[in-house]
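Dropping the structure in here first, questions after.
Chain lettering (A, B and C) follows the sequence in which the chains are written, and residue indices restart at 1 in each chain.
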Amino acid sequence: MRKITFSDATREAMAEEMEKYPEVFVMGEDIARQGGIFGQFKGLPDEFPGRVIDTPISETFIVGGGVGAALGGARPVVDMHFADFIGVCMDEVFNQMAKARYMFGGQAKIPLVLRAPDGLAGGGAAQHSQSVESWFIHIPGIKVVAPSNPYDAKMVLKAAIECDDPVLYFENKVLYKESGEVPEKEDEVPYTIGKARVEREGKDVTIVSYSIGMKNARAAADLLAKDGISAEVVDLITLSPWDKECVLNSVKKTHRLCLVSECVKQGGALAEVAATVAEEGLEYLDAPILRYGAPFTPIPFAPTLEKLYRVYPEDLVKGIKGVL
Amino acid sequence: MATEILMPKLGLTMTEGTIDEWKKKVGDAVAKGEILFSVETDKLTNDVEAEADGVLLAITVPAGETVACKTVIGWLGAAGEAVPAGSSSAPAEAAPASPEGEGKGAAAAAAAPAAAPARAAGEYVLATPYAKKLAKEKGFDLAQIPATGYKGVVVAKDVESFVPAAAAAAAAPAAVKASPLAEKVAADLGIDLADVKAAHGRVLAEDLLRYIAETREKKTDDAAGEREEVKPMNGMRKAIAKNMLASVQTSPTVTFNLGIDMTEMKRYREQLKAKEIKVSYTDLLVKFVAKALTEFPLLNCSVEDNKIIYKHYVNMGVAVALDSGLLVPNIQDADKKSLTQISAEVKEMAKQAREGKLPPEKLKGGTFTITNLGMYGIESFTPIINQPEVAILGVNTMEDKVVVRNGEMCIRPIMNLSLTADHRVVDGSVAAEFLQRVKSLMENPALILA
Amino acid sequence: MRTLPEVTKEQAKKFYETMCTIRCFEESVKKDFLNGEIPGFVHLYIGEEAIGTGICAALRDTDFIESTHRGHGHCIAKGADVNKMMAEIFGRKDGLCKGKGGSMHIADFSVGMLGANGVVGGGYNLATGAALASKMILKNDNVSVVFFGDGASNRGTFHEAANVAAAWKLPVIFVNEMNCWASTTPYRTTTAVENISDRALGYGMPRVIVDGQNVFEVYAAACEAVERARRGEGPTFIEAKTYRIEGHFVGDPEKYRKKEETMQIFHDTDPLTHFLDKLPAGVEFTQAELDEILAAARAKVAAAKEFAVSCEYPDESEYFKDVYVD
């Protein structure tokens, strides 16, 4: 099977959707002339002139204008440059984008995708490295996705664009460059937002993650396998509304749950998973729920410090062995 | 496979023992029948023999320590065999490892335990939710399951690997194979079936009888010679003992005594007799007291969880003495029955009780009890309430006594009534008024129609 | 004096009808709010009727408006059904938003009313985005209007939207209802520019200042701005001078200003009572004609109230609907 990068996978998704739906367009900072700071829009402006739009540095317009365009009948994709900047336009996200449908009694449809590159990139420090997904899973009315590999990157983005609800699409900056198998278009299997995937079956522990956290999950599962411990790895893919059933079914099988993500552990996106398993599947747990995430600090700049911010597969292995 | 060495239960009354001396060191070969250790009880020191050939793998309770019967005190097995870790019943780290045991003990502590865990009665068992669920499904008592999990928590695999038969042999009498009759008798007599040796596979009633005889002999030899005899209580005795104890523990009681002038009652009885209606004083009391009870519902109630249950009927219990004990059948709806009906029923009940043919329903649902010791010349006593009733009327002997009537001495038949009432619901004044009412009814029998 | 577009008597009558409907609607809402029949809080448009009426008269159903928390007038002027509006304000299931929005989140997409907004200054980007979709993506000639007060003009969102709208010549009209009060704060204490629309110049956006009490003048400015927008020449800033007659919300004790002064202004500028004075040449009405229109509006609103209270509250089954499409 052909291998392409995560970045190219998202570009393919965009191109296919723009081809299919003339009302799809994309706007953001530095996406047309530059092709996106991570190259994720390269080539699109030539392919779809006038539909890849460089905006001023105006996040409230990028998102608010996207919501307005959706209300006006278009199917916008808007780009956040860095996920860290969503705070600038938070009102547009949680009071406008998320609420329009409900508060207008279902009259509005907001088929909008907000793309947000996130995560540690090496020296991005406090305002250019964050993973902020957990803020948004607290908001009813928007959907939150965070794929972990090129194939999902493509299929999830296509599903997000075709979705009539607003979707926050978190794409990890480190993953952009990673290659993975992506089938030809005719062999693609569409993704349904809200579905998790058991990426690897196991029986001793369930490791749940998403986005770049999946690298830790997979690596930990490999290490554990060497010691005869069989880990089931679940890629959540959609963080809201998330696939409770998939996780609960896995925990019912393995009786242990380990959660890992790059975001700050306190109030992290997977805290909801932990809480739900405790609420609805406590009787299946044979060990405390393990959670791995970043410490409760802003992200430091110096490499020596940034290193401490990260989670490593060995952390998971140690923790899991401790409860087996 | 390593087997546990348990603190033996040497006799009926032993609950704990002190290791007097280990006769073998860890690593020593032991032959079946060889003395392994000695135990001190409050009575004597016993040598205990090895039950199988093997090597003493571990000592988990060193000499000088006192532990409950059936606690694991060491392990016997094949040379070089690992001891299931945490094997200490008293958890390994709690019991100071004997010098001999140290090497293996350390290894043992690091591995996984299998012995019955020493947990204080009622101690919260740390277990994962899933382990609890499994234990519940399998009907295991969590407290019996050794923990190998993180932080000493019982985890699912502990439950899954738990063999109740082994544990039960040590702890749960139900796991001993026994005939239903043997089980019942053993339960009645408070005998631990695990102590009883079966002649043919499972414990039968005859094994139990032999055991009782042996332990009686042993007890006799041990302590008292011929001057005392130990007999187990029979079922009725045990029930009475239990019920009476429960009653005094339940009800704060006060007993009230009052003399009744029986002149009119005697005359009334004679009048009936003249009409060929023969009734006893007990029959008369049932009738008159039932009438009074309809007017004093607090004497005819019961108490449950801070609630008072008033009964709109009077089921009058009448205590019947038997050789083997005492039964209290009751006359249902005594307040609505005629004297002749009551009389007939009292006679029939007494007969049935003596013949052991009393229908069980007659023994249930009483609301008040009359107990008569008058025939023994008793003048006053403090009866114990038949729970869950709240009062009992003791009837004493009727005796001619000198009394003062209208300023003059005269002789009258006087009978004392002794009413014991539960002060939780019946205050003194209420009890006194009730007793007064009984008195007034009995001294003016015509009032029974009023 | 601006040259006004030709207005027929029929059009003028429609203006007066709309203004009367808004006035009666607001008076009715005020009464029922004070009676405790309406939940939440309501903000009234009394005295400002000429602005919404004049602007919306220049729009088609397919054009969009973004309204404000003081939005009943915009909604009526854009053509929303007053029965369903009233039912919404009463929180009933037959309301425009099934009783889920209420006064501050009222919308009628069927007539291009894309919603009131509980967030002051929340509408600029939405209207600008809708205009972007029309011009750059869907390639139609729909126009978007955003209404906002002088208070909302101090939100940063104004800057971002105005800049983009002007830079890309988007068909969006910024209609500033300069009513002199941001809740309890007089605009002079927070704002240096004389006219809110002075700011438009900084974005390279044409502006026009009109008498917000004169529906014909507002209508004329709107027509011009709409034509500009449809021609692809970009946004216009219309500043309509008006005055907030009511408190910020119904129940506002208005400790911050003098009632007599407000009433004097209302007396002098009420777009209804001064309607005859503002009539363009060639269009005439008798007072009796106007009275009849007002009476009809009153009856229409009374019927709306009757309809609203006859509707049920939403069923509990409605609770989880409309969070998502799928």
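Here is the rule we use: contacts are C-beta pairs under 8 Å (C-beta built on N, C-alpha and C of every residue); 3 or more make two chains touch, one makes a residue touch a chain.
What you see is a predicted model; the values in this text were computed from it and never measured.
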Legend entry - Most distant chain from subunit A, judged by the mean position of its C-alpha atoms: B
Inset, instruction - Identify the chain whose mean C-alpha position lies nearest to the mean of all protein C-alpha atoms shown. - result: A
Legend entry - Centroid spacing, where centroids are CA-atom means, of subunit B and subunit C in whole angstrom: 86
Legend entry - subunit A and subunit C: spacing of chain centres that average the CA atoms, whole Å: 40
Legend entry - Distance between the centres, which are taken as Cα means, of subunit B and subunit A, whole angstrom: 66
Inset, instruction - Could you please specify the touching residues of subunit C with respect to subunit A in the complex? - result: 64, 66, 95-101, 105, 107-109, 114-115, 117-119, 122, 124-134, 136-138, 142, 144, 156-157, 160-161, 163-164, 167, 321-326
Inset, instruction - Report the residues of subunit B in contact with subunit A in the complex, numbered from low to high. - result: 128-133, 149-150, 155-157
Inset, instruction - In the complex, go through subunit A and note every residue touching subunit C. - result: 22-23, 25, 50-51, 53, 55-56, 58-61, 63-74, 76, 91-92, 95-96, 99-109, 140-141, 143, 163-165
Legend entry - Interface residues, subunit A side, partner subunit B - complex: 255, 282-288, 322-323
